[in-house]
Each structure stands twice: as C-alpha cells, then as structure tokens.
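What follows are several structures.
In what follows, subunit A forms one complex with subunit B and a second complex with subunit C.
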Partner chain A sequence: MEDDESKTKVLNEYDHEHGPSPLYKISKNLSDLTIMFIISSVVFFIAAGTLAFVMRSIQSRIVFMTNPELNMGLFYAALTAHGQLMFFGFACMLTVGLSYYLLSKFAKKPLYSMSMAVASYALLNGGSILLIVCALMLFGAGWYNLMPLAFHPQNGGWTMFSATLFLVADTCIGIGLVIFCCNVIATVLRGRIAAGVQKSEPEGGSIFRASADYSDSGRIDLLPMHNLPVATRWVSLLGISSWFPRRYRKLVPAVSVVVVGIFVNSVALLSGTVGLFTQLGIGYSYLIDPQSNPNWLFAKDAFWFFGHPIVYFTLFSFLGAAYYYIPKFTKKTVPYDKWAYRSWPFYFIFTVLVFSHHSYMDMPNPIIVQMIATVASQAIIFPSALTVMTIMMYILRSRIRWNIASAFIVTGIVGWVYGGFAGAETGWWGTDVYLHNTLNIVGHIHLVLLMGSVLLGIGLVYSVIADLTKKKLGKTLGLIHLVTTIVGGFGLAFMFMYLGLFGVIRREAVIPDQFMWAMPGLLFFALTVGFGQIVFVYNLFRTLRRKQNTFEEDKFVNKQQKREIEEQNIIHTGETSS
Partner chain B sequence: MERDIDTAGVELAANLGYGNSWLILLVTSAILVASAFFVYVLLSTKYNHASLKGFDKVKYELNKYHVERYWAIFVGALLISFWILGYPWMPPVAFDNALRDAQVVHTVKVTAGQWYWIVNDGGYTSPDGSRQVSSPEHPTDQLYIKAGELTKFVARSEDVNHGFGVLSSANEMDVPLFQMQVVPGYDNVFYYTFDKPGVYTIRCLEYCGWNHPYMVSSITVHVV
Partner chain C sequence: MTLAHFLFDAKTLFLLLAMLIIIMVIANGQLLENLESDLGTHMIAEHAMFLSIGYISILAFEGILRGLFNTARQRSAASYTTKHSIWIQTLLISWTRFVRSAYIIASNGLILIICAIILVAFWHIPSIFDLSSYSQEIHLLQHFSFVMVGALFLLSLRQLGQSLVLFLIISSVGMMLLSGLGLALANERLYLPYSVSSHNTAGEYMLAISIAIALIGLPGYLIRRTLFHVGKFANNKSELNS
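Take a look at the complex of A and B:
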C-alpha cells in the first residue's frame, strides 16, 4: 500500500509540464555556466541561420553586391561560416553545455574541474567569434577548410591573413573540445559514481517482478554511489556489460545511460580531434614553408577523421539523454534496460571508423581505407536501428505526455532516422558515385543535424531551462517554434535530398535555369525555419529576463526528497544545496 | 613532387551501381515504411488500455516477446545481405571486374586547374601497358571512343582539389554518370565504359574557389 502511494507520488512528479528532471542538485556555478552555454549557442544559431538566408538568397539571384565575383565570394564566405558556426558555435556549444549539466546530474557528482569547463566555454566562443571575423573578410574555403584551397584563393579572393585566422579559430575550438572531453573523462573515471544493479530484468519466471520494485522505478536520483574498479567501470561506461550473459551482467553496476552517452561521445571525439590537429598542423606547416609540398590527401583524410565524429558528437549526448527522458515522459522505466545500453559499444567503434566514406571518391587512398569505409558506414546502421526500436518501444502504447520538450525530442528521433536513410545511400561506394557532392548530402546533413540532434537538443533546452531557472518557456511561442521548425526543416531537408537525387550539385553559387524553379521553395522553407528560431530566441530571453514566479518547486520535490538531495550534495560536493 | 600512379593509386571502376532511379525508389520506400511505423507507434499512445497500471508493464510485455532481440537479428541479417549485394562495389572487386575482360584500355588524360578543364586523348594501351596504339596528346573536346570500350581517365590537378564529374547528359547540371576527386599531387584514376555516344558535360563537383560554378566543360563521345 505504501509502495503504491510512493509510486503515485513519483508519477505525479513526472506529470509536470517542464519535464522529468533528476533531483540531484548541481552547483550554482555549473547552473549559471549551462545557461551561458545555451545563450551563446542560440546567438550563434541565429548568426549561422542568417548566413543560410544569404546563401539561399544569392542562389535565388537576389544580388547583395553589384560586383558578380564579390557576390559569389559572399556566397562562399557565408557557406563556410554557416557550416562551421552551425557545428561549433551552435551544435557543439549546446552539446558541451548540456553535457556538463547532464553529466553532473546523472553521475551525481560535481565536474572534475569548473575551471576547465569555463575554459572550454571561452575557447568555443572565442573560436566562433573569429569564424565570424573570417566571414566578414570573405574567407571561403568551405566549412571543411579544404586544403590547399585555403591558401590558393585566386582572382582577388580572400587574404592569407584570413586563412591564418581561420586556422587559429579552429585551433581554439579544437582545444576547447579537447578540454571538454578530458573534463568529462576525468569526472567519470575519478571517484565514486552513481550506478545501480540491473534489477529491472525479469527474474524467477515473473516478467513483472522487477516493476514491483519501487527503488528501481527509473529514479536515477536513488542510485547509490559506487567506487567501481577500473575494468568494471570501463565495461559499464562503454555499455559492454549489457552484452554479458545475465548472471555476469548483474555483477556490473550500470552507470546511467545518460552518462554512458556522454562518455562514449567524449572518448570518440577525443580520438577524432587527432585528425583535426593533424590537418591544422599541415596547414600551419604550409604557412611557415610554402615549399614544403604537404600531402593534401592526408590532410583531407585527417580532417574527415574528425569531421564525422563531430557530427555524432552533436547527437550522442542527446541520444543518451533521450533514453532517459522519453521513457520518463511515457512513464516507463529506463536506467537499467539492457537494450538502452547495447548500442553504445558499436557507436564507440564505428563512430571512429565511419569517417572513411568521405574519401570514397578519393581514388589514390589505400584500399584498406576504402574497405573500412564500406564496412563501417553500413555497420553504424546496427546500433542506430537498436536505439530507434528501443525508444519506439518506450513510446508504443504508452501514455506519453505531449509537451514542447517531448514533441521536439520525438521529432528529433524521427528526423535522425530519415537522415540515416539518406546517409545509408552514400555508405555504398556504388551509390555514392551518383550522390557525392550533390544536394542529397546536404539533405542528409540537415536531416541528421537540424532535424535530428538539434531538435533533440532544443527539446532538452525546454526541459533544462525550467529545471535551472524554475521558469517555464512560453507554451504558445514554443508551439509556434515547434510547428515552424517541423514544416520548414523537413521541407528544406527533403527538398535538398530529392534535388540531389535529381542531380543538383552542392556548393553552387549559381544555379542553372533548369533548377531555378526549386529556389523559391528552398528560400521559403529556410525563412520558415528561421522565423521559428527567432521566436525561440525571443521566448528564451523573455523567460530568462522574467522575474522568477512561484513555480511549483515545493510540489515537485517533497521535504524528504529535499533532505536526500542536501545530504547527497554535502557528501559529494561538500556544499549545501540552499 | 608527383606521386607515381602505380604505387599510390587505387583504380576503381564504375558502371556497377543500379542507377539513380533505383536509388530514388529505394530511399522513398524506406522513408514511407519508417513513417508508417512512426505513425503506428504514435497513434498507439492514444489507446487507453487498462493494462498500463505500473510503470513498465507494456515494456516488459514487449520484452517477453523479444521484440528488440528479433529486431537486432533482422537488422544484422539485412546488413549482411547489403554487404553481399554491394560486394561488386567494393573497390578492389570493382577494379578487378573492370579490367578482367578488357582487351584494350583507352586512356584519357585530364588536367584540372582554377577554373578550367583540359582533356587530352592519350590513346590506347593494353592492360599491361605493352602496346601503344596511338598517342594524339592534344587538348580536345572530341573523344573517339567505341561504345562498350573501357576508358581510363587519369586526372591531375595543377593547384587545388577539384571533382571530375561526368554528367549523364549535355545539361549544365544533371545526375553524375561517375565522378572522382582530383587531389593535387596524385594521378587520380577512374575507369568507365560509355554505353552510347553523345555529348556529356564535365563539371567540377568539388568546391574549388569563387568561380567554381563556371568550371564546366564537355566531351563528345563518338562511336568509332
């Protein structure tokens, strides 16, 4: 009877509009920093979106500069800055900020170093601002900074100074990301961490026994702190233990799946940054000695070794969180579902290897690179399919509570799946030969990034802001944001995808007459998405500036739970949570 | 320093895919099937079924029937079948298949620069390189190629990365017949067999600077 009452209380808590937030209270400094990350990311989001509008306008033959060559230069500067700002200024900024928040919340411990967190924030911002400066100098070597083009602008293009500045910007961003990864890894590997035995598995022939256990009802806050041995910790953190036979699996305490997502993300990206710094190193060496005749193919491969993990980087932390948040919205158990963990070892391996399909059309590459590309590009489908099915099973026949946060997160999963189909096409050499560098790839990127990870991230922002500030984002404005983003985003991405299938080449400032009919459509959908994001930014800043209202904090956290939080904070941080 | 084609190059062959219309059909079907599944799942949340008393009863009912396990097996099997289906496209296999039955290889040399294409008819050689039938070695936009004849494109860049794309028509922009990156410092090699004569647009498919959209040329393939 008492159990039923406790259950009802917990269920009621989950019903709150602002979404399911763990009870562990993070430090004030981290809370403020998370908000700063969110603010910076949306500012760069708007800047990058404006550049997208410039590109679509030029393709629609709206003239910004009377000199045709400068007009094209503006297009390519916008193209370059749009890509990098979307990835680094917006998506990575949001990922890093929310990851710090989620990590502390779900590992139930403070970050290893707040100074490192602040440093990563400063470097990401500094780098992103430099990118804007480069765009103003009309630097336009592509967001992937394709060398040696950066140093061969031709015909009065950008200057070597702007090319150097671009390298410096990417160096700042790269260092910022490395600091983030190290901070996450140190936080997770040092000291105790919240973990629980996988109790939710059916035992003794009764498939419902586990659900009768209140302590295992999805409350990450109730997980005990463990001092896990190194080997145990690694197999838990990479999700490997979920593939163990049941009796061995139960011996390994499972860290929260949200922490697993962030950890896998950090380790994979840390590997990837080796590629970024290799490419940048080649660039710097060429600047110092232009006669050095670098191997540009190697520089290109090195960049993509980083360039693909950075896409997944914007996804994995949010995907890990989705494993927690979606079941919470649907009122189902999460943290110990073995299927929630089983994707992560595969993500870890194939994220690092999948880069090589970017080099399918680089014929001089060694055969082994092409072979790895083929295998890894298809193999990444396996964990993705597991994730999608598990999350859909959480939603199936549930009483999901639809609000702006849950709608964004579920839509993000759907967009990611559609983007995955577009990606699978190019995962084969025999089909990539038709699609490489067509707008189909742009459609794939916009589905995976804009309609996938970005929507997941924005959904989390709607939930996290409420938790951090005890103020809810406006519901009507949120609805406008949701609808315009879905209509504009899917419209834009699918137009890109099918135009690519019909042969429209990407990165073209001048579109031939035969395809001009599509430009108004692209411009319309881009403006629709942009309008939605402006509404979102207005909603966000209006909420942050608003005086704190009487949010139902006391209803959300009862007195006993408040005492638990304070005790945990005293134990783990040495601070009180007042 | 130019790198030797024979030591550095991986040579691939086209004419292997099922074509673009097949691809459009495949991806559209996949999106429709996935959409139907999502709609089904989302509509199921409207059911006010009495069985949902606890947190996760429905979840465990699904686990009971091993939905995720069977799904994992299905996806794994599907991927293995894709690997088998795509085996002829694996680069080394594609290379072998293209050259296996070829009596002669028509070599075409391509030079790329900001922002131009130069195409030289390099003449015919046997696959082992021992027989040189002709070597006009002059820039041309007229290629005399036999239908069904294996043509070897060897592309070099004078400056930056370019993308050598031969489109499927004379249109300024269309679906590529084939393409390869032209990486500076390397001979970049691609084999292709033209099925029918006609005019084919050559277009740079890799962004190479402000005037990249104007890096367009064409070749006329004649049946000899």
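Take a look at the complex of A and C:
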C-alpha cells in the first residue's frame, strides 16, 4: 500500500508543469545559497547588459562624454567589463549556483563543504564588484586582459591602480572557481553516491517508452547509494563506462548524467584555471618589476588555456541537466541511455585542447599547437552532435509539455547548435584568418553563450525556483521574457555574423560609414534583449517576495493537458469522467 | 634450491631486476650523453629513466626482502640452522627495524609526495639546472635525486591510493601542457646550455606527451582498474550464485 503511494507520488512528478525534480531534499542552507547565486547572477546580468547598451550607443554615435577621447575610453571600458561580467558575474555565478543545487539533488547527498560553497559565492561576488569598479575607472584592455596593453593605458588613460585591481578581481574569481571545482570533486568522490541507473538499460530495441510508468528505474529517486571503488567511480563519472561492451557496462554502476555533466565541468575547469593563474602571475611579476621582459604571447596563450574551458563551463552543467529535464518535459521515461553518457569523455578531453584556436592569428605560435587546435576544434563537433542528436531523439514524436522552462531549454539547444555551426567554421585555421577579427566571432559567441548556455540556465532557473520556493514565476511575464529574448538575442547574433562576413572589424568604437545602417538595428535588438531581462528580474523578485501559496497542480495544467489526462483515464479505466 | 629461488618469490621480480640493470647500463653509457645534447630528449630520458630506477628499486628490494624472509621462515620451520642462516636472520631483523622506522618517519604519504615535488621543482630552477649541467658531481647528485623521487612517488602512491594516481595523471597533463607551451613559445634561453630552438622542440615534445597521456594513459588506466573491480564483482556474483 505504502509502495503504491510512493509510486503514485513519483508518477505525479511528471505532471508538474515546471518539470519534475528529484524528491531528495537539499538542505535549507544550500537552498538559500542557490537563490542568492541566482539573484547575484541576474543583478550582474543587468549590469553587464547596461554596458552592452553603452557600446551599442557609442557605435551608433550617441555621445556620452563631451571629450571624444574619453567617449572612446568608455567604449573600451564597457567592452572589457561587459565580457568579464557576463562570463564571471552572470554566467559563471549562475552555473556555480545551479551546479551546487543539481549536484546535491542528483547525487542524493549534501555538498562536501557548505563553507567552501559560501566562500566561492563571496569570491565570485567580490571579483565581479571589483570588475565594475575597474569599468568605472575606464580600464579597457579587453575582456581577456590583453597584456602588456593592460599596463600601457590608452584613450585618455586608465591608471595602473585600475590595472592592478583588474588582476586582483580575476584572482578572486579564479580562486572562487577553484574552490567550486574542489568542492564538487570532493562531494562526488567522497562517500556514497546515487548510482545504478545502468540497470535500467532496456534489453530490446525500444529505448524510450512513450509515457511514464511505475518501473522507471532511471529516476534518481529510485537509485540506491553506492560506495564505488575510485577508478570505477571515475569511469562512471567521466561517462567512459558507456563505451564498454554491454556485459561490462551492466556491471559499472552509472551515476546520473546530470552529475556526470557537473563533474566533467569541474575537472576540465580546474585544469584550465592553471592558465589563468599563469597569466595573472606574469602580470603581477611585471607590476613588481617593469624591467622584466615576460613572454607576452605565452601570457595570452595561458589565458586562453583557461578562456576556452570557461566558455564550456557555462554550458556543461546545464547540458547535463538538459539530458534529464527534456525527456521529463516530453513525458518519456528515460532508462539508462548510453548515448546520453557517450559524449562526456570527449568533452572532457577536447575542451582544454581547443584553447589555442583563439590565437590562430598569432603566427609565432608553433605549428603543432595550431594543428592540435584545428583537430580538437573539429573533434569536439562529435560529442556536440551526439548530444544534439540524442536530445532530438528525446523530442521526436513526443508530446512535449511546452512551458516557459521547456521553451527556454529547447531554444537554448537551438541557439547552441547555430553557434556551433559558426564555431566549426571558424575552428578551421584557414577560415579563421578571414573571420577572426570581424564581428562574425562576436555573433558566434553570442549564439553559443547568450542564446545557448544562458537560455539553458534561465530555463533551469524557472524550474529550480519553483522547486526551491514552491512558488512559480509569472507565466505572462515569462512569455514576454521568452519572446523578447529570442527576438532580440537571435537578431543581435545573426546581425553580428552577417556584418562579420562583410568584414566589419570587431572591438572598434568607430564603425565605418557604409555599415552605419546596421547600428540602429543592433541597438534595437540589444534593447529588446535588455527589456526582456528587466521583465525577468521583475518577475523573479516579485515571485520571491510573494507569499507562498499552496502548490495547486491543477492551476498549472492547461486545458489541453487536462483533456489528455482525461483521455488517458478513459483508456485506463474504460469509463468517462462524467 | 637455486639462487633465484633463494632471492625471489615471484617471476615478475626477475623482470623488474632485468629492467633495472638495462636502465642502469643505458644511464651510464654513451647513449645518455647523446640524449643530453638536446633539452627535450635530455628531460624525457632523465625523467623516464631515473624515476623508473627509483620506482623499480623499491619493488626489487621488497622482492629480495620477501624472498629472504620466505627462505628464513622455511628454514626455521624445518629447524635447519646453519651459521649462514643465523647471519641472514640477524640481517633481516636489523633490516626490518630500519624499514619500520623509515615508515614511521614517512607515515604520511602526503609528506612524501610533497618532498618529491619539491625535489623535482628544485632541480628545474634554471640556475640550479645550469649548475648541474656544468658540474659533473652536481649532475650525479641530480640523477640520484631523481632516483629518490621515483622511490618517493611509489611509496606515496601506496599510502595515498588510486585517487592520487588519478590526480597525478590529470595534474601532470595540465602542467605539461602549459609548461610545454611555455617552452615551445620561448624566445630566449631559460636553461643556458641549450639553444632557443632546443627549448622550442622540448616544449613540442612535452605537448605531444601530455596529449598522449590524456588520450591514452588516463583512459587506459581507468579502464584497466575498472575492469579489475568489475571482474572481482562478477566473480563474487558467480560464487554467490553457485
């Protein structure tokens, strides 16, 4: 009787409009911290978005400062702070916060250390605030802190103090990210972890069942806790076991694919942060002894050793979550699916190796490094395509429950795919030579980040907030947010790409006259995205401040879904509801 | 009873000892001198050879000790005492005391690994490295230190387990990628006895080796260990079923 009750409870999870979340209850502290991460991230999102608006305005020849040199300086300060704030203040903050939540939920265990989680939150916030201070001091050496430009102020000049402050900000952020990675790795590798999903791998050819059923042993709630041997645990966590022959695959307890995504993310970023600290170390050493003659090309390469993994960092945790959430929205029970796991070992290997495609234009780089970058850039298409195909198979012939969360997640996948096409193009050394310094690259990064990982993250926020607070974000405001973000985001990114193909140079405050026609368009799309985010922030804060209502599931089920459920009841019981 | 049976209790130890002898021969021969003429081959040769010598030395000495113990035990069980066996027993007792006290001193694997890392880092400081290149005595001391590092690695691996092996593999890949990149991009001599192009080539070797470790070494090790556990699990299961 009790068993039936729990099964019914599990089954009811599928009918939540915000998407089912595992029943494992995370601690109150972690819940609060997750909300704080989300709030901080959206605040920095708005700040970074404002800087984008400043850039678009200056390029549209709107004057903010009467001194033209300072006006230019403002553009480069906005360019620098926009990139770093979007990455660290917004995207990384959101990734870290949601990763903590997802890890605890899907590994079914508390975090290794809440103090470390709080420290990572404090350091990321501290670093991001310092970045804003640097922007106010007109520091504008590019978001990748191009050295030695950082130490040779241009355009009216920033001070050496602001250059130092920028290094300190990046150091804080780097340490915060290292603490996050260590916390995740320690959580996953220590003690018992929910595993065993491989036992639900179907024997026959039918991989996905059409609707939820009682024997959905792929559900994290039904997984037992295992104490796995170290190597077995690593093989499971990196998704390597999914490539084993069936006989062995069955014997290696598989953890949730969400945990795999977060673990791969942390280990890859941990390797990458060595590059950040190398670049910062070179910067500090130059500050201490300006007579020293550092290898600046090495400093730049070292930054990109970190710079590429940080792009993937904002994606992997959400991609792992998408493997869980999308099938649930499509009302398919997904038992163990080897294809969901098979891409992760390749992500793990290639996410760091692709770094030097950012410095294709730096000819002194050894040929071997450029060759590795070209091969890795093309090789990473394999796991990416595998992910897209798998997710498409989850959506194919499904009765997907369209709501704000699922729409954002699916749109995020679409944006990432478009961005990926552009990335594959510029990943070729030969093509990159033509496109590297154009707005085409800006279009690519906006597709991958703004329309890719950010939308995936926002989709999860809609789902996670409902789970954490038992309060749903407003649907109408959510719809406005979705539409404006899609219109503005895709409009902005595709326009950048189009202009880039015509050779419009990037990182330039002054746009040539023949391309000025595009500036009002870009400004319009930027304002549209910005409006959408303001609506989102209003919706979020209004929801958080609202008194908690009883969670009435019926309220969220629309008429069509109600009809579907009634039809199913007729099939099961043979009676009409009347 | 042959001398081999007297000394060793496993065939694999023969192999290890043979490898040790071969490496020692190479290390003292002309080949090493040739390898040392280039920074890349010098580093690869020294790291690979001397670390392996240190690693294998511990295994070999343990094998010898185990063999001696077994023999002494068999003889005492058979009440077969000679002047020779009494001498061996005394030797074993004093050796055991030495090993025990050594293990008490180095009971923390973390300290051992930190010592090993400090030793490696010390000999790679450019001024120290240059000094060792010009002075034969210091060069020998450097080689001996690397043998010690190999031994320390093995001892610490045993105490800290598989997690450390994985950590070392992953961190060595990251460090080698980055330091390889640094050497590959070097536009001035870091180690004075070698040319800039020699530095660049060494960096490219390091990049290639680190990628090979990441693509082959790491998955290979993980799969091997997992299949070992899986095999054990499957055997236990079949035993239970039977």
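Basically, the second predicted complex is superposed on the first by the 516 of 578 C-alpha atoms of A that agree within 3 Å, B and C clash if a C-alpha of one lies under 4 Å from a C-alpha of the other, contacts with A are read in each partner's own complex, and residues count from 1 in each chain.
In this text, a contact is a pair of C-beta atoms (placed from the backbone, for glycine too) under 8 Å apart; a residue touches a chain by one contact, two chains touch by 3 or more.
This one's a predicted model, so the numbers in the text were calculated from it and none came from an experiment.
Asker: Return fit or clash for subunit B versus subunit C, each positioned on subunit A through the superposition.
Answerer: They fit: once the shared chain is superposed, the two partners occupy separate space.
Asker: After lining up the shared chain so the two structures overlap, which partner does A:297 touch, if you call subunit B first and subunit C second: first, second, both or neither?
Answerer: Touch partners of A:297: subunit B and subunit C.
Asker: Which partner chains sit in contact with A:461 here, subunit B, subunit C, both or neither? Use first/second/both/neither.
Answerer: It touches nothing on subunit B or subunit C.
Asker: In the superposed arrangement, which partner chain does A:146 touch: subunit B (first), subunit C (second), both, or neither?
Answerer: first
Asker: Tell me which partner A:189 touches in the superposition: subunit B (first), subunit C (second), both or neither.
Answerer: second
Asker: Under the stated touch criterion, which partner chain does A:85 make contact with: subunit B (first), subunit C (second), both, or neither?
Answerer: neither
Asker: Counting residues of subunit A touched by each partner, does subunit B or subunit C come out ahead?
Answerer: Result: the larger residue contact count on subunit A belongs to B.
Asker: With the two complexes superposed on chain A, say which partner A:495 touches: subunit B (first), subunit C (second), both, or neither.
Answerer: neither
Asker: Considering only the touch criterion stated at the top, classify A:366 as touching first (subunit B), second (subunit C), both, or neither.
Answerer: both
Asker: So, A:251: does it touch subunit B (first), subunit C (second), both, or neither?
Answerer: second
Asker: If you take every C-alpha pair with one atom in subunit B and one in subunit C, what is the shortest distance in Å after superposing?
Answerer: It comes out at 5 Å between the closest C-alpha atoms.
Asker: Hey, what residues of subunit A end up touching subunit B and subunit C alike?
Answerer: Residues 293, 295, 297, 364-366 of subunit A touch both subunit B and subunit C.
Asker: Across the complex, what residues on subunit C touch subunit A?
Answerer: The touching residues are 161-163, 166, 170, 173-175, 177-178, 181-182, 184-188, 200, 203-204, 207-208, 211, 214-215, 219, 221-230, 233-234.
Asker: Looking at the complex, which residues from subunit A come into contact with subunit B?
Answerer: 7, 11, 69, 72-73, 76, 79, 140, 142, 146, 148-149, 152-155, 157, 200, 202, 207-208, 210-212, 217-218, 293, 295-297, 300, 327, 330-333, 337, 339, 342, 361-367, 370-371, 374-375, 378-379, 381-382, 385-386, 389-390, 392-400, 410, 414, 417-418, 421-422, 424-425, 428-431, 433-438, 497-498, 501-505, 507-512, 514-515
Asker: Can you name the residues of subunit A that touch subunit C in the complex?
Answerer: These residues of subunit A touch subunit C: 189, 229-232, 234-235, 238, 240-241, 244, 248, 251-252, 267, 270-271, 274-275, 278, 293, 295, 297-298, 301-302, 305, 345, 349, 352-353, 364-366, 368-369, 372.
Asker: Flag every residue of subunit B that touches subunit A in the complex, lowest number first.
Answerer: Of all residues in subunit B, those touching subunit A are 1, 3, 8-12, 14, 16-20, 23-24, 26-27, 30-31, 34, 37-38, 41-42, 44-45, 47-49, 52, 54-64, 67-68, 71-72, 75-76, 79, 82-83, 86, 88-92, 94, 114, 159-161, 163, 165, 167-168, 171-176, 178-181, 183-190, 203, 205-214.
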